[in-house]
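The chains carry the letters A, B and C, assigned in the order they are written, with residues numbered from 1 in each.
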Amino acid sequence: MSAQPSVSSVFVALVRRDMALAWSQGGASLLALGFFLIAVSLFPFGVGPEPQILARIAPGVIWVVALLACVVSLDRLYQADYEDGSLDDLTLSPLGLVGVAGAKVLAHWLSTTLPLAIAAPALAVLLNLPDAGYPVLVASLLIGTPALSLIGSIGASLTVAVRRGGVLMFLLILPLYVPTLIFGVGAVDAAVTMSDPLPHLALLAATTLVATVVGLAASAAALKLAME
Amino acid sequence: MHRFANPAQFNRLADAVMPWAMVATVLLFGAGLYYALAGSPPDYQQGESVRVMYVHVPAAWMGMFVYVVMAVASFAALAWRHPLALLAGKAAAPIGATFTALALITGALWGKPMWGTYWVWDGRLTSVLVQFFLYLGYMALWKSMEDEEKAGNAASILALVGLVNIPIIKFSVDWWSTLHQPASVMRLDGPTIDGAMLVPLFLMAAAYQVYFTVVFIWRMKFEINNRKLSVMRSVDMGH
Amino acid sequence: MIDANLIFDSETRLTGSALGCRRGGRRVFDGLDFEVQAGDFLSLVGKNGSGKSTFLRMIAGFVPKVAGEVIYNQGGKTAAALASEDITLVGHQNGLKPGMSLRNNATFYYRLMTGGVPAPERLQIAADIFALGSLLDEPVQYFSSGQRHRSALMRFPFVARQIWLMDEPTVGLDADNRAALAALIQHHMACGGIVIAATHDPMWVQGNVLNMDQFQPAHGTETDDEGWL
């Protein structure tokens, strides 16, 4: 039994288990998607149905609600495993905690956040987003949402031992989401106003890269300390 | 490392520093406030409202400085598992949060006559607000768990993560040209503000600094005593 | 049994000297010495709160020690910590996902620890040891607490590891399953395995006893230096 290939197949096994759990009954994915659809459709009632106003706020609304849907689905990312003891097993696996955090974040992104990015254009139609905005909306969500899962993973790991840590997690990570939100919405706004969205997308990608490094390291450290 | 950082050593050092720091605080605040309110000229553009600067700018500096202190303490706490460093972060956080809140509030009051609005969502204001939320999150995490050591460790990780915000605050005025004026004191080619204004500004900054030292030492002693009490209590309970 | 020809390295040795451990803001034990080698059974006894679980979690690398030294010799190598690929730990929680069947839970555990896929016969044999064979395809949420506990114990024979760390393995087991567990442990020892078990129950396997009560930190030793937090 060689060590290298087994680590990658352990990683895949964990990603697949977490995705299966996320899509099973009581899993977070469908709830997050439902939250996304309903919360976005509340805005026309809140700000009025004028197409120009909705078109103006569409990028921001979709990004903010996608972000909230992501946080809502993240609060038990590690907590369920912590409470039933399977986090012990994950820690003792050959993956190491950074690998565990990476696999769980990837599973969360694939099962929960990616569907939000795919559903976003349909909601943009309801909000009268100008045609030029669609490709960039999807592109910005694809580039930016991994950062949402990664930064959220920090909050989830820090509050893993806190009973009812959900609200606390909101307080911890929403401020950290500000750069992602600024660059993501900025890119779509630029596309809608016919200016160049590429600088915004590049900054968004840079944010995601920083979030990858910081997010995985901080999550692994927080989990290690929580297991003591 | 551990030999120099035990509570008894800390208390001895603190007792030696404390009276001097208190005297310095009173003197520097006295001189600083005199120059800020009376001993310096009004600005040729801003008039008398420039005097808000002498409260606002040092508060903003201290908000960042205390955050760095908290992050360094957090790093030490995690790297060497030293409880005193953990408590240093805990002691610093509310002071830093207060300085940051003071900078935000005085900034808003200054912004109204200057910009015509209390608040704009520009890079500097937003990143300072994020810093304030990071302080709140740090303090909330400390309170979130019964096991104080675990809570402190989690809070320390958050403090280190939040460190990425510090360069964003510093350079936000250069990266995004907005209403907030760019750096005029801390710049490579020397300050661009008048010397008559630098005197009260630096006096006030020094006053804030020694004030921080006083409150920090006082809070550290408080936290150390609290810890000792709860350890004694848990020993009495038969643990 | 499950791996008929499995023989573990007979040179493996795990020793600890003057170990001290802190958890939840207090010293749990101090000055603890122990030694186990291939084929040993070590049972941890002591009052509630004497640090049995903490000791197991320290061996597994979860809880850092604040004093002392652990040396692990295995296959000619010496390490300051036990390698996680050599241990199986079953604690108070059973680590099962209620929505998944026992087969899926166990298969995931096997893949998590080894990266491989277990043969169905292997799973069947491991399940039959604790009379779980007929429950393999049932979702764990319908299991009684005893069945869940046995499902957790099933990991020991299922994944071949030399060192078994057990926390209260006999709780909730009936006489038949206790006998099965004792037989399993004896077989593991015969293969050169090492078992460390925390238990309140009287010994049911021959082996050494480590009484945790004798390592309690004395009152008043937690002075200014570092034990105060």
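One rule holds for everything that comes next: contacts are C-beta pairs under 8 Å (C-beta built on N, C-alpha and C of every residue); 3 or more make two chains touch, one makes a residue touch a chain.
Since we're looking at a predicted model, the values are computed, not measured.
Enquirer: If you average the C-alpha positions per chain, which one ends up nearest the average over all of them?
Expert: A
Enquirer: More C-beta pairs touching across which pair, A-C or A-B?
Expert: Of the two interfaces, A-C and A-B, more C-beta pairs touch across A-C.
Enquirer: Centre to centre, by mean C-alpha position, how many angstrom separate chain B and chain C?
Expert: Taking the mean C-alpha position of each chain, the two centres sit 48 Å apart.
Enquirer: In whole angstrom, what separates the CA-based centres of chain A and chain C?
Expert: So the centroids are 36 Å from each other.
Enquirer: On a C-alpha centroid basis, what's the spacing between chain A and chain B, in Å?
Expert: Distance between chain centres, rounded to whole Å: 32 Å.
Enquirer: Send over the residues of chain B in touch with two or more other chains.
Expert: Those would be 147, 150.
Enquirer: Among the residues of chain A, which ones contact at least 2 other chains?
Expert: Within chain A, residues 228 contact more than one other chain.
Enquirer: When you check chain C against every other chain, which residues touch at least two of them?
Expert: Answer for chain C, listing residues that touch two or more other chains: 64.
Enquirer: What residues of chain A sit close enough to touch chain B in their complex?
Expert: On the chain A side, the touching residues are 154, 158-159, 161-162, 165, 168, 171-172, 174-176, 178-179, 210, 214, 218, 221-222, 225-226, 228.
Enquirer: Taking the complex as given, what residues does chain B use to touch chain A?
Expert: So the residues of chain B in touch with chain A come to 78, 126-127, 129-130, 133-134, 136-137, 140-141, 144-145, 147, 150, 153-154, 157-158, 160-162, 164, 168.
Enquirer: Could you list, by residue number, the parts of chain C that touch chain B in their complex?
Expert: 24-26, 49, 64, 66, 219, 222, 224-226, 228-229
Enquirer: Which of the residues in chain C come into contact with chain A in the complex?
Expert: 23, 57, 60, 62-64, 84-85, 87, 89, 91-97, 99-100, 108-109, 111-116
Enquirer: Which chain A residues qualify as touching chain C in the complex?
Expert: 1, 5-10, 13-14, 17, 20-21, 24-26, 83-86, 88-95, 227-228
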